[in-house]
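Per-chain residue numbering starts at 1, and chain names A, B, C and D are given in the order in which the chains are listed.
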Amino acid sequence: MSSVPVSWYLMLAALLFAIGTVGALTRRNGISIFLSIELMLNAANLTLVAFSRQLNDHTGQLVVFFVMAVAAAEAAVGLALFIAVFRARRTIDVNRLNLMRG
Amino acid sequence: MTSELVATLLKYAVMFGVFINVAPIMNWVERRACAYIQDRPGPNRVGPLGLFQPLADAAKFLFKEDVTPAAADKLLYLMAPVLALLPAFTTFVIIPFGPDLTIDGRTIPLVVAPVETGVLLFLALSSLAVYSLVLAGYASNNKFSLIGGIRASAQLISYELALTLSVLAVLLPVNSFRLADIVAYQQAHVWNFIPQILGFFVFLVASFAETNRLPFDLPEAESELIAGFHTEYSAMRFAAFFQAEYTNMAALAALGVTLFFGGWSLPGVHISGWLGAVVGLATLVAKICVCMGVFVWVRWTFPRFRYDQLMRLGWKVLLPLSILNLILVAVMTLAGWL
Amino acid sequence: METLIFLIFAALAVASSLVVVIHRSPVYATMSLVVTLFSVAVLFVLLGAPFLGALQILIYAGAIVVLFLFVIMLLNLQKEGESAGRRRGQIWVAIPGALIFIGMVGLVFWRAGAPDLQPLTPELVSLKGLATALFSDYLLPFEIVGLLLLVAVIGATVAARRAPDAAEGTGLPPREDFVAEDTARKEARS
Amino acid sequence: MLDLLWLIPILPLAGAAVNGLLGRRFPKALVTAVGVGAPLLSLLVALGCLWKFSQGSLGSSSNGDAYNQVLYAWTAGDLSIPVAFLLDHLSAVMLFIVTFVGFLIHVYSAGYMAHEEGYSRYFAYLNLFMAAMLLLVLGNNYLVMFVGWEGVGLCSYLLIGFYYDQPFPPYAGKKAFIVNRIGDFAFLVGMFALFAKLGTLSYGEVFTKIAAEPGHVVMGLPLASFVALCFFVGAMGKSAQIPLYVWLPDAMAGPTPVSALIHAATMVTAGVYMVVRSNVIYQLAPGVSQFVAVIGAATAIFAATIAIAQTDIKKVLAYSTVSQLGYMFLAAGLGAYSAALFHVMTHAFFKALLFLGSGSVIHAMGGEQDMTKMGGLRKYMPSTFRTYVIGALAIAGIPPLAGFFSKDEILHSAAANGQWILWAVGLITAGLTAFYMFRSVFLTFFGTFRGTHEQEHHLHEPPPSMTIPLWILAAGAVVAGFVGVPKVLGGIDRFHLWLEPVLYHPAGVEAAEHEMAAGMEWLLILIAVGVAVAGILLARRMYGGNAGLANGRTWAERFPTLHRVLANKYYVDEIYDALIVKPLAGLSRFFWKWIDSGLIDGSINAGAYATELTGEFGRLSTTGNVRTYALYFFLGVILLGCWIAFG
């Protein structure tokens, strides 16, 4: 059975990561940024699982497990924050949320 | 390789045959049972006892005009019914329906997909069902549909927790995700609903909610939302939702029967070979039918919950109960009582 | 066979992730993310992590993304409008940056060659090994993650609570003040 | 029976959980049933275990039959901590004290708190307290002990601040907690040192290893000395020794049964228990032991003098507790560990009795705690009066009550070791103790009533749920001493024999117990009793009779400065305020006014113009938009990646 070299998986992960990064950096809708970040997390997970396979070690898979849990926590809190922000400002366009701009 | 593929396809065909026929038959059962409960005749014109009524309905669905609202989000609108059917017709692949079959010295487990992550796969696939409801609600561009969609998503997420936890409790003593192992365990011991009666009730209530049936049919409460997320759907697309709903019900019933009532097995009956397969399948179908009967009975007996009551029940009663059940089962398992 | 599955789902993942990033409508973006997640889940299975694949669908696609969709509908988010002019620059830096990144990684792999995957061992696939590692060596992280989830639940509940001024004693500033402060600051600056 | 040992701390814990989570919805009777029932069950199990234990070990001189119950090993990576309980001769004594006295206080509380708000909350805290204390006592390693140690600290905070709607109790609770933290910190450091050097925290292994490997050095001190010192600082906090005793008098802000529980039976004795438990370490650190003894003696006399001038009945008892704890440490420091623990036990009885008695008085007086407003309560509350006097006689050391035997043993050990100064200090303290205790007796129960008419009308004997514990404790205060009758009085000092297996005798150093001539011993006993009787008579002379209070005031006016100093507790709180709090605040203010506002802000202002100029340019890159920063970050990562990959 021919198998796929590990570098293909890693390359795919890099591609997904790059796409996610571009999304996170350019989208203005808060939710879309979040989606892009999930994409990046998934890319990272893919590398972890790929290495776990390559090294024949469970650790990588375990880390993915933790990443998922943390992503769940992040999504819950982040979305709650968006709801709160939306209530206060009627928008979640990050360009208009510029309180940091003195 | 090829023979395996053929076997899998055959097995899938068997299960598909069982599950696709659920909707029309249940439609008839439901309408007759409802009529009986409400003390009226029900559909009795087409065929003996109105048995051919579903066929007539199907014909009607086929020939009706298929309306797509002008302001709808076309692509999502078309996708939603497909998404509804997809999980409905994949989840049952992990349900075992008979003892292992040996042909030509080759052992064939009577499950479409004998994977190690069995139950988890079921839960994963069935958790995708929510998308169809949400998308249908959103794409229709109708406020009733949207509210129905939002309600559906909140409800499904909430009750999935209790459902999953009650299922997990069943897995603990068996030490496996495979449903076949669970059935074997029940054959060796006793049907799970006896030691895990609490978990069974949590599972039952959560599965009513998961299938959006009364008393939890808030996403399509007709007195409030017309028909909820599928208000705008008609003809075959509506039929698709209809089919999906009943197939989901059947799949959950199959899971419940397998987890708590011994699946295809009967206590004291050990038949192998082809006869065993047939008996197993028949037993499974019979059990599913009884279960579906309960679904119908409950639907026409209980009034609908209010939305806040629904959420409160899910989070404040069922979830703690299921956690309690999990702890109890874990302790019992550790103590060796199971 | 395996290569074929990989290629199909890799292509699907890349295509759908592009849609996630490019599509204006948040609902479409979210739905494409589901496709990406599904494809990655298939790849997990291919890599000998069926448990993670199932979890990926159960947790990510089944719960987290539904939450996103729920919030999108709750807030009734529409398509993004035309982006303001000065933010354009961001895109023109980010995309070449990403391309360089991909080029860099690609170059590294090209140089390193492509060793075949290790053969799949039953120990790696077995759930038992995973669970044993999780509940012995990684018990502490596991418990901390549990705590984190609890904190997140509480935090999310508090943050998303309606009208902080109605709930006294939360220590949060009332909404009006918050907005007024903001306007006052803006006025002061201009 | 012994394998039920784990139930003993779990039962009150379960009671706390039930009452804490559901208690508000329960009817009062159910709260009482759970709150009092859990300690009762715990007591029964404890008695069963003790009976079984004593069956196997009475008269045996080895500690081999100590019962070890490993429940569970909490493991994360390399670190493995056994959660295990130990029942040996030492924890058996403490187990008995804690469950027995604790249970009586629970019963008493059911009567005392019957009409208070937060009834279920109170019982939840109280049960939790029991659970923590039992954990502390039963743990078989320092970490489990520390969990209990922190648990009682937390519960004392919760209970002292029980009346959280009043201004003072929360303050007192915080004070107790913070002062305790100082000690706890030292305890932690001690544990770290032990773990770092010996790699274990289990008693048995620690004691074996520390004796076998004398070479370890921590911060210039031998390991044993360092650890002993750290642990003693921990004990100072928990057991209210100079200089960390300040929290205990303020802790009287809690409900009175709590004072009885915290300051008599359980929490404050934790320090003594810990020192006795660690006797191996202390034996190996003679210098520290001497330090312990000196601090103990100093605390004893220091607190006793303060107690003389207090008018609040609970404050008198509080300082008396501090003083008695000083006694215990004096004994422990002298190496008379069994005497220290003996005093812990007798003290648990009579101090719980006194506190509960004072609680009855306060209950009857409608919350009034000032003795100058009491008087003549004898005829209204005969039971309370009688039991209170028994307690006072016991603490004063009048034979044959419990306090006599334990106090005598401590004084004897001082004398036997040739530490005559410490002996004298102990003796004077004994006299002072007799004096101030009977001062409180005379002011409270004799003479004429000095409160308002309304209060007088309201005076009554408390309900049986409160008087019965009083009588039981009074019985204990009378007879508890007989387990340790010294040889010279014809006994065999059973208590000492009982504890013998857990005490460590360094090889080569033969029993430090100097045999004294019987005549000498008799003489010392007579002196001690004489001093106590003299104290009582002096109190009677000054405060007896109808004009007791006025009489006392004249005495106070005769030595105005002394009285003022004592009444104000040597101004220790003020001194702490002046020496620690004020300078800290002053230093902060200095940093704020001069360093921060002057130097830092000044230099910043000086640089501001330049910064502003730079900022005008830098502003262009700083858009205030997080994503721009994220973009920079990303570009940086790419650069770094390229450098690593190709550089």
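In this section, a contact is a pair of C-beta atoms (placed from the backbone, for glycine too) under 8 Å apart; a residue touches a chain by one contact, two chains touch by 3 or more.
None of these values were measured; they are calculated from a predicted model.
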Pair of chains joined by more contacts [C-beta pairs], B-C or A-D: B-C
Chain separated most widely from chain D, comparing mean CA positions: B
Where chain C and chain D are represented by their mean Cα positions, the distance between them in whole Å: 53
Geometric centre distance via CA averages, chain C-chain B, whole Å: 30
Inter-centroid spacing, chain D versus chain B (mean Cα positions, whole Å): 62
Touching two or more other chains - residue numbers and ranges from chain D: 625, 627, 631, 634
Sites on chain A at which at least two other chains make contact: 21, 25-26, 95, 102
For chain C, residues that touch 2 or more chains besides their own: 51, 55, 63, 67, 74, 87, 90, 94, 97, 101, 105
Chain-chain contacts as defined at top: A-C, A-D, B-C, C-D
Contact footprint of chain A on chain C as seen in their complex: 1-3, 6, 10, 13-14, 17-18, 20-21, 26, 29-30, 33, 36-37, 40, 43-44, 46-49, 51-52, 55-56, 59-60, 63-65, 67-68, 71-72, 74-75, 77, 80, 83-84, 87, 90-91, 94-95, 97-99, 101-102, 105-106, 109, 112-121, 123-124, 129-130, 133-134, 138, 141-142, 145, 148-149, 151-153, 155-163, 175, 178-179, 182, 189
Partner chain D, residues of chain C touching it in the complex: 87, 90, 93-94, 97, 100-101, 104-105, 107-108, 136-137, 139-140, 143
Touching residues on chain A, where the partner in the complex is chain D: 21, 24-26, 33, 94-95, 98, 100-102
In the complex, chain B residues that touch chain C: 73, 76, 79, 115-117, 120-121, 123-125, 127-128, 130-131, 134-135, 137-138, 146, 149-150, 153-154, 156-157, 160, 164, 177
Chain C-facing residues of chain A, complex: 1-12, 14-23, 25-29, 31-32, 34-36, 38-39, 42, 45-46, 49-50, 52-59, 61-62, 64-66, 68-77, 79-84, 86-89, 92-93, 95, 99, 102
